[in-house]
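Paired with chain B in one complex and with chain C in the other, chain A is shared by the two complexes that follow.
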Partner chain A sequence: MSDIRQQLRSYIEENFIVSASASLTDSDSLLDKGVVDSTGFIELITYLEERFAIEVRDDEMIPENLDSIDNLTTYVDRKLQAAATA
Partner chain B sequence: MPAEYSPHCLDIDCDAEISHIDLRMQEIVLQQLRRRGVIIAMSGGVDSSVCAALAVHAFGRERVLGLLLPEHESAGTSAQLGQVVAEQLGIEFLTEHIGPALEAVGCYRRRDEAIKVVFPEYTSAWKSKIIIAGGSHAGMTFFKLVVQTPNGELQEKRLPAKQYLQIVAATNYKQRLRKAMEYYHADRLHYSVIGTPNRLEYDQGFFVKGGDGLADVKPIAHLYKTQVYQLARHLRLPADVCNARPTTDTYSLAQGQDEFYFGLPYEKMDVALWCHNHHRPVEELAAALELPETAAARIYADIESKRRTTAYLHTPPLLIEPVDLPKLAGA
Partner chain C sequence: MTFVHHFLDRALDRFPDKPAVISGNRHYSYRDISERATRIASALQRAGVVRGDRVAILLDNGVEAVAAIFGIMRAGGVFMVINPQTKKDKLAYVLENSGAAALISAHPFATVYESAVAQSPACHTVLVAGQADDHDKDGKQYRSLERIFADMEAPLSDPGTIDYDLASLIYTSGSTGKPKGVMLSHINMFTAANSIATYLGLNSDDRIVCALPLAFDYGLYQVLLAFNVGATVLLEKSFAFPVKVLDLMVRERVTVLPGIPTIFTMLLNLETLPGYDLSALRLITNTAMALPVTQIADLRRTFPQARLFSMYGLTECKRVSYLPPEQLDSRPTSVGRGMPNEEVWLVDEQGRRLPNGSTGELVIRGSNVMRGYWRDPVNTAERLKPGPLPGEVVLYSGDIFRSDDEGYLYFVGRRDDLIKSRGQRVSPREIEDALYLMPQILEAAVVGVPDTLLGQAIKAFVAVRAGQTCTPRQILAHCRELLEDHMVPREVIIMDSLPKTESGKIRKTGLADLPQP
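Presenting the complex of A and B:
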């Protein structure tokens, strides 16, 4: 899970130009912090699907799954485990 | 605390408002910009029709040139209704079909390339549009591409980021080429160009930078859409204008502004924006719109989110160092 977390953080910091001074914590809301806007959000979905080979369903696009590095990490881990046991 | 919301809070004194706009437009165009008249692109919609009527009121019909700027996918009624308004106002108008120019720069081709990634069987005989979806949290929205086959069958799929951005970028050519045509005529006549956003569009960033966002004067940017309709009726514009629902007239399938951008009909968006601008509590907006408080809170959050994410559209080119220039006379 720490590897997933690190990959997500690297992608978000590089792709959405998060400066070191922004001090984004793993629990910070990406939307409330202004890190990701509506276009950035669909870029993030595309990244998740391509990088982790998962399908993000429409009904899964909720803050509880996607709005922080913590939530993203848990969500991706859950999807990968579900795929592995399927 | 400012006045509470009431169903009449968006009512305006139309005569007083028209006099106010008259005076300001004359000051801006004739004294500050020192131009002889104005160009107005007429889509047949309520915003451009009201702006044209206000321009005639302020400058007289001899100093207003209307432009009808259809392209291959414009609704058939757009140019037709624009012409009806121009004739009613008694202004000179020209039709400039921008379809060939859009073809030349690859507007349709670039858009269709992106659509084919999502729907490989798509051909130019199909129609398409983008709709907004999701919205369980402000900003946590996504976009779907809706296509219609020649036999009328509708299909929709979620748009990946790259294809969404390419479709929007390609269709933005429409607004930008229209604006290029407006400035051609403005330069030739030494006129100013009128921009037609209402307050919802201006505040929430619903315009294309360098396209419909570009203008010399924006006479109704301070008015809520409901108030623009009040002016339309007061100015006795055609019933088809006064009763029309706002559309984007940008995609080949009919598309309402609410399904592409705002997520709510304009009447409700007006109330939400008014309440937000007057610092009304969430409970009051919820009661006004007959929505749960959680939904009203999301609307407020979405208003703020759109303001943040579209701030750059309003921003003029930024300089590395300030450069002193003379200000406009009377500015």
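Presenting the complex of A and C:
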């Protein structure tokens, strides 16, 4: 799981340009911190689907799953576990 | 009376207990909003705000922002809604340029507003949501909004406002790079809201969802329109999570969905969209960017129960035109004709009025036309020119349109090089100015390129000084520090040098089509 967390953080830092003045903690809201904007979540979802070979369903596109590194990590981990046991 | 804040007074008389605002799952009645607005107004007056003083609002969409808008007007002030993504340098510019006497914000924005307020000599008071205590700092008074709301209702003195006074300044991108404050009087906004409510056929049973920022006049007017007819507005902070907005629309039986093509694309891309019960939805409105014909067809097929209005406007007069939904089949690419209580026509390069079936610059005449740009007579004179009657002015939009035989308008292009991204006008100059603040950058040019989601995406071309290096990523990080999200370039291309005209200026024409290194 720490590996997933690290991958997500690297991707976000590289692609969404976390500004120097905004230190992003794992629990920070990506939206409120201005890191990912409304159209940026579409890019983030595409990344999740390609990198982790998961399908992000429409009803899963909610802040509880996507709007922080913590939430993303938990969500991706759950999806991967579900796929493994399926 | 033709005051914008009388929308609230009138709705309070008719529907005191009806939800005026739904935000964060909470319902706020017209009485709730009025009480908060009065307390804000009296706190502002106690702090020394008088008729005509500008008061800025830096808040996310929510009940505090709505109460602030009406509270400022009740105190006789001029409200200015600032995009909550604004960075401190730009906020400092807007506060300084407007000479704002006060700011209403929230504690999470402290890192943005504290230095900006400290730099603004005129700004003496900040009302802060989410701050427990009152305190003074750098000679400014910081007052807790929660304490103001909890106070006994204090009497308000009549500021003596007349409808000719300014109600709002709306800062908008200008071709010169610095944002300009569009001056809107009470009569300007009151008549615009009446015309729009009339042609849309809004009524007090409507429930309007607004995920557009209130700093964008299209978002702000959702609140004004709802209050004008005594309806309910549902405020969402953004459209980042479309299914959240859809859940809300189902739960609250939303009747009106104002959007821009970016929002409609996000909605139509959801496979589960048909599963949401949106049977209450009766109106969909689009403005800011033209809807592609395919999207018009998709929206009508997906929401057969709703009437779709294609509209066009600019902050300087709010709305210009709308296409009656029954004209969509015969004129799908038109933005319609002038709205009620307004006259529009096209002119040639010499300002001569053109007959239907011509192409020219669109001119607008009506009481919705702004009073000018704040402290900017040069730009004002370029937009507001003498009209048919002695002493009156009309608005030259800067937009080129074609009209058909019956006067329906079709957008052709802009006279300046402003970019439209996510429906908002963006000044290439403002972005170039930000780029030049990076010491490594020698030359910079910013253009808009077609983008299916954004309308236009912002693309920056830069040349780096000899002996210096920087990466596109560093350049983007720099832009993020200075600009709101919708102004940050989507892409940065580094070139050895930028192409020039014979006179040595950077040549932007064709820049986006050059083979890239």
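The definition used in the following text is that the second predicted complex is superposed on the first by the 83 of 86 C-alpha atoms of A that agree within 3 Å, B and C clash if a C-alpha of one lies under 4 Å from a C-alpha of the other, contacts with A are read in each partner's own complex, and residues count from 1 in each chain.
The rule is short, and it goes like this: a contact is a pair of C-beta atoms (placed from the backbone, for glycine too) under 8 Å apart; a residue touches a chain by one contact, two chains touch by 3 or more.
For clarity, every value in this text was computed on a predicted model and none was experimentally measured.
**Q** Does the superposition put A:Glu14 against chain B (first), chain C (second), both, or neither?
**A** It touches chain C, and chain B stays clear.
**Q** Which partner does A:Met61 contact after superposing on A: first (chain B), second (chain C), both, neither?
**A** both
**Q** For A:Asp3, using the defined touch cut-off, is the partner it touches chain B, chain C, both, or neither? Pick first, second, both or neither.
**A** neither
**Q** Looking only at chain A, is it chain B or chain C that touches more of its residues?
**A** C
**Q** Does the superposition put A:Asp37 against chain B (first), chain C (second), both, or neither?
**A** both
**Q** For chain A, which residues belong to both interfaces, chain B and chain C?
**A** Residues 31, 34, 36-39, 41-42, 58, 61-63, 66-67 of chain A touch both chain B and chain C.
**Q** Help me check something: in the complex, which residues belonging to chain C touch chain A?
**A** Touching chain A: residues 85, 108, 111, 237-244, 262, 266, 270-273, 422, 453-454, 473, 476-477, 480-481, 485-486 of chain C.
**Q** Show me the residue ranges of chain A that touch chain C in the complex, using the header's touch definition.
**A** Listed in rising order, the residues are 14, 17, 19-21, 31-32, 34, 36-42, 57-59, 61-63, 66-67.
**Q** Name, in rising order, each residue of chain B that touches chain A in their complex.
**A** These residues of chain B touch chain A: 133-134, 136-143, 158-162, 164-165, 305, 308-309.
**Q** Can you check the complex and tell me which residues of chain A touch chain B?
**A** 31, 34, 36-39, 41-43, 45-46, 58, 61-63, 66-67
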